[in-house]
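Chains: A, B, C, D, E and F, in written order; residue numbering restarts at 1 for each.
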Amino acid sequence: MFDKKFEHFSVGETWISRGRTITEADIVMFSAFSGDWYPLHTDKEYAEKQTPFKQRIAHGMLVLSAATGLQKMDPEIIVAFYGVEKLRFITPTFINDTIHVEMKVLDLQDKQNGTGVVTFEEKVVKQTGETAIIGTFKVLINKENKEG
Amino acid sequence: MFDKKFEHFSVGETWISRGRTITEADIVMFSAFSGDWYPLHTDKEYAEKQTPFKQRIAHGMLVLSAATGLQKMDPEIIVAFYGVEKLRFITPTFINDTIHVEMKVLDLQDKQNGTGVVTFEEKVVKQTGETAIIGTFKVLINKENKEG
Amino acid sequence: MFDKKFEHFSVGETWISRGRTITEADIVMFSAFSGDWYPLHTDKEYAEKQTPFKQRIAHGMLVLSAATGLQKMDPEIIVAFYGVEKLRFITPTFINDTIHVEMKVLDLQDKQNGTGVVTFEEKVVKQTGETAIIGTFKVLINKENKEG
Amino acid sequence: MFDKKFEHFSVGETWISRGRTITEADIVMFSAFSGDWYPLHTDKEYAEKQTPFKQRIAHGMLVLSAATGLQKMDPEIIVAFYGVEKLRFITPTFINDTIHVEMKVLDLQDKQNGTGVVTFEEKVVKQTGETAIIGTFKVLINKENKEG
Amino acid sequence: MFDKKFEHFSVGETWISRGRTITEADIVMFSAFSGDWYPLHTDKEYAEKQTPFKQRIAHGMLVLSAATGLQKMDPEIIVAFYGVEKLRFITPTFINDTIHVEMKVLDLQDKQNGTGVVTFEEKVVKQTGETAIIGTFKVLINKENKEG
Amino acid sequence: MFDKKFEHFSVGETWISRGRTITEADIVMFSAFSGDWYPLHTDKEYAEKQTPFKQRIAHGMLVLSAATGLQKMDPEIIVAFYGVEKLRFITPTFINDTIHVEMKVLDLQDKQNGTGVVTFEEKVVKQTGETAIIGTFKVLINKENKEG
């Protein structure tokens, strides 16, 4: 979504990413990388017998990390990524679920200094149509008009 | 920190994790895993010549993911991870910075149903003492007393 | 480059990718993945003392693989990737070299069936301006006009 | 195949490698490493519903990279790898296909300077007997007789 | 197990770890990392048709490496890891087996210098109850009493 | 070494492998894979300030795992890998050390059933000439004479 300058955004506009299937290999690799071996993610026996999901689920941070890679981000555009506002993990992502990202502009704030703040909603959606994660983010981007 | 039941937490208590050095290999692996090849993370020439940092920096999500692996989480304790409240990326993490996690209990809410909500501040701190990331999180955990 | 239909290409047009720094971690990961542990890539002592380069170099296939990820490829556009015509490894890629891809359309052949063949030169170029790899490739892509 | 000096090669001789099964994990890891997340390789839903293969397939470069690791290459023997002549991707490699490499000497050219050029055909063959990739390569290797 | 000082150990005491499922991705990653592509681990066709197990099995060193990560080791406690006494690979670990570690103190030797040697049996046990690996190890750890 | 039948081995014979440089990336990847994040391996600050080595060192199991990949093992030859006899970690392996394996046949036992047991010493040696690991191993291999 962030492949154009501030002036070209409008509140309410949306953007949809390509998909990515979250595989068992992704969960193994993310457990390894993050060091988070929580049994719900890494112990098949435990997940099947002692959790409501009856199977292993992906780490919330795995899905959120994969989501960042599904977005279009142009270095010419983005000045700074502020961070995350409220973020909720709604539906678990299971092995072989395919996720994509849906973004929607919530607010635009012109900083009058050649930049502007875009507040947007980011949803990670599964092939089932269920929302896995929903959150609000803020990013500072460049304007065409560098004067104001 | 989450290796004890709700009754044993008190507002203001803190917990500090071991450290982990964020290496060039971590940035390469996270770029690969997430699919986020933003040049600030993956293009040495660009980072040195066209960014204020004059070097590559770690992805915010990389640092946040590594932080989850630095925490103690006991499956007997945790019922559900709600998500993230306000989260801010404050100082960039550079290659060879060593991070650790500092947690502080902000609020305790007894759900009167055998569980309770712990609201805590999580800070990712570098060996320099600078805070890389600060955020507020909410988690639902078990009580000793399953009746109320 | 392949984010538009056949009619929009013209012989001689060029496209340049973002950059990617090839790190020691990339060479270790590719040696592992490919199973090619040739000492020129994986044995620092050998590379420094017994090769003209006096250091480890990246696998030719590593650089070629990284190059595929630097290209823009739209599933709506590409029908089939034919393969590689003549390909030459010209200059070795060393640890910390930053590569980018330069593409140039050499020939366009309308198949009169809703598709066309684009023959293009692909160069992998280093931050020094040296060409690491040069080759000719052929790809079958869609036309706007699906009738002919 | 390249574990003997030039004088010991003869036109028409063949060599066959061990096998390697290409798993879903290999495709995930190569997508990550290369940065090539083309949906045909990484989006299960897309591959099953919108491609003739009705499933994900391995990247051509993945198979070619794995093939290099299946070859025997002795540093005492090889002087330089020239590159690739015509190369064609013939049959897709699916998850759990097992590949091996078949090599055949096509031409021998004595450089009269202690080295010689071996031109060989390389085929990547699947457990089904189908050829996944076929190409012609040229490599410069040492002679026993370093004088001529 | 090694999260307490020497004085707090007693011969015969036991410790049990969490579990970890060994996936196909783990075997692929370990083959890659170690460079051990032995067909019993990496060639599905070979493993199914030419081995008594009729399937691929995990590397013994993979299981042993995963086992080290399942143990609790406190840097304040451990002085030195001596090594391995007799070690036997008893039952193969198959794809999707879930392993855990069972440790038992066999002998305690007070070095009278602020440290002591703990000799322990380590068993890697599968969800079936079968022992995959059994061995004896020796580790030097700190005492509360640094004087003797 | 295990690329010939039992009859062709003799007590005292030796075999030397190619080398492999153990990089920071290897230590990061092995920490991730094994789940062993012991600070001596993964925390640069801790390793430099609080250990006698004044730097991070590779996991013993990492070096042992890499050593298995440096050996020649022919599926036609090996029947079973018994395990490890006494094994000692002697000198730490630091980032950028290059290791190779030296093997020596200690004992040969003809099982009179078409197989024989080879007992051998395995040393992992660094470019400095220092021995990192030394151990004794037993492997069951095939004879030419399958009758006895």
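The rule is simple: a residue touches a chain if its C-beta (ideal position, glycine included) is under 8 Å from a C-beta of that chain, and two chains touch if they have at least 3 such contacts.
Model, not experiment: these values are computed from the prediction.
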Checklist entry - Listed by label, which chains are in contact with chain A and with chain B? => result D, F
Checklist outcome for this item: Looking at Cα centroids only, farthest away from chain A lies chain F
Checklist outcome for this item: Computed over C-alpha atoms, the centroid farthest from that of chain D is that of chain B
Checklist entry - Residue numbers at the chain C-chain D interface: does the shared fraction exceed half, giving same, or fall under half, giving different? => result same
Item to check | B-F or E-F - the one linked by more C-beta pairs in contact | outcome: E-F
Next on the checklist: For chain B versus chain D, what separation do you get between their C-alpha means, in angstrom?
Outcome noted: 43
Checklist outcome for this item: Taking each chain's mean CA coordinate, chain D and chain E are separated, in whole Å, by 37
Checklist outcome for this item: Per the C-alpha centroid definition, the whole-Å distance linking chain A and chain C comes out as 29
Item to check | Residues within chain F bordering two or more other chains | outcome: 20, 23-26, 28-29, 32-33, 35, 37, 39, 46, 69
Next on the checklist: If every chain is a node and each touching pair gets an edge, what shape is that graph: line, ring, star, complete or other?
Outcome noted: other
Item to check | Touching pairs among all chains present in the structure | outcome: A-B, A-D, A-E, A-F, B-C, B-D, B-F, C-D, C-E, C-F, D-E, E-F
Checklist outcome for this item: Within their complex, chain B touches chain D through residues 32-33, 35, 37
Checklist entry - Within the complex, which stretch of chain C touches chain F? => result 23-25, 28-29, 32, 37, 39, 42-46, 56
Item to check | Residue numbers on chain E that touch chain A, as the complex places them | outcome: 18-21, 23-26, 28-29, 69, 96, 98, 127
Next on the checklist: Under the definition above, what is the set of chain E residues touching chain F in their complex?
Outcome noted: 20, 26, 29-30, 33-40, 46, 50, 59-62, 64-66, 68-70, 73, 75, 81-89, 135
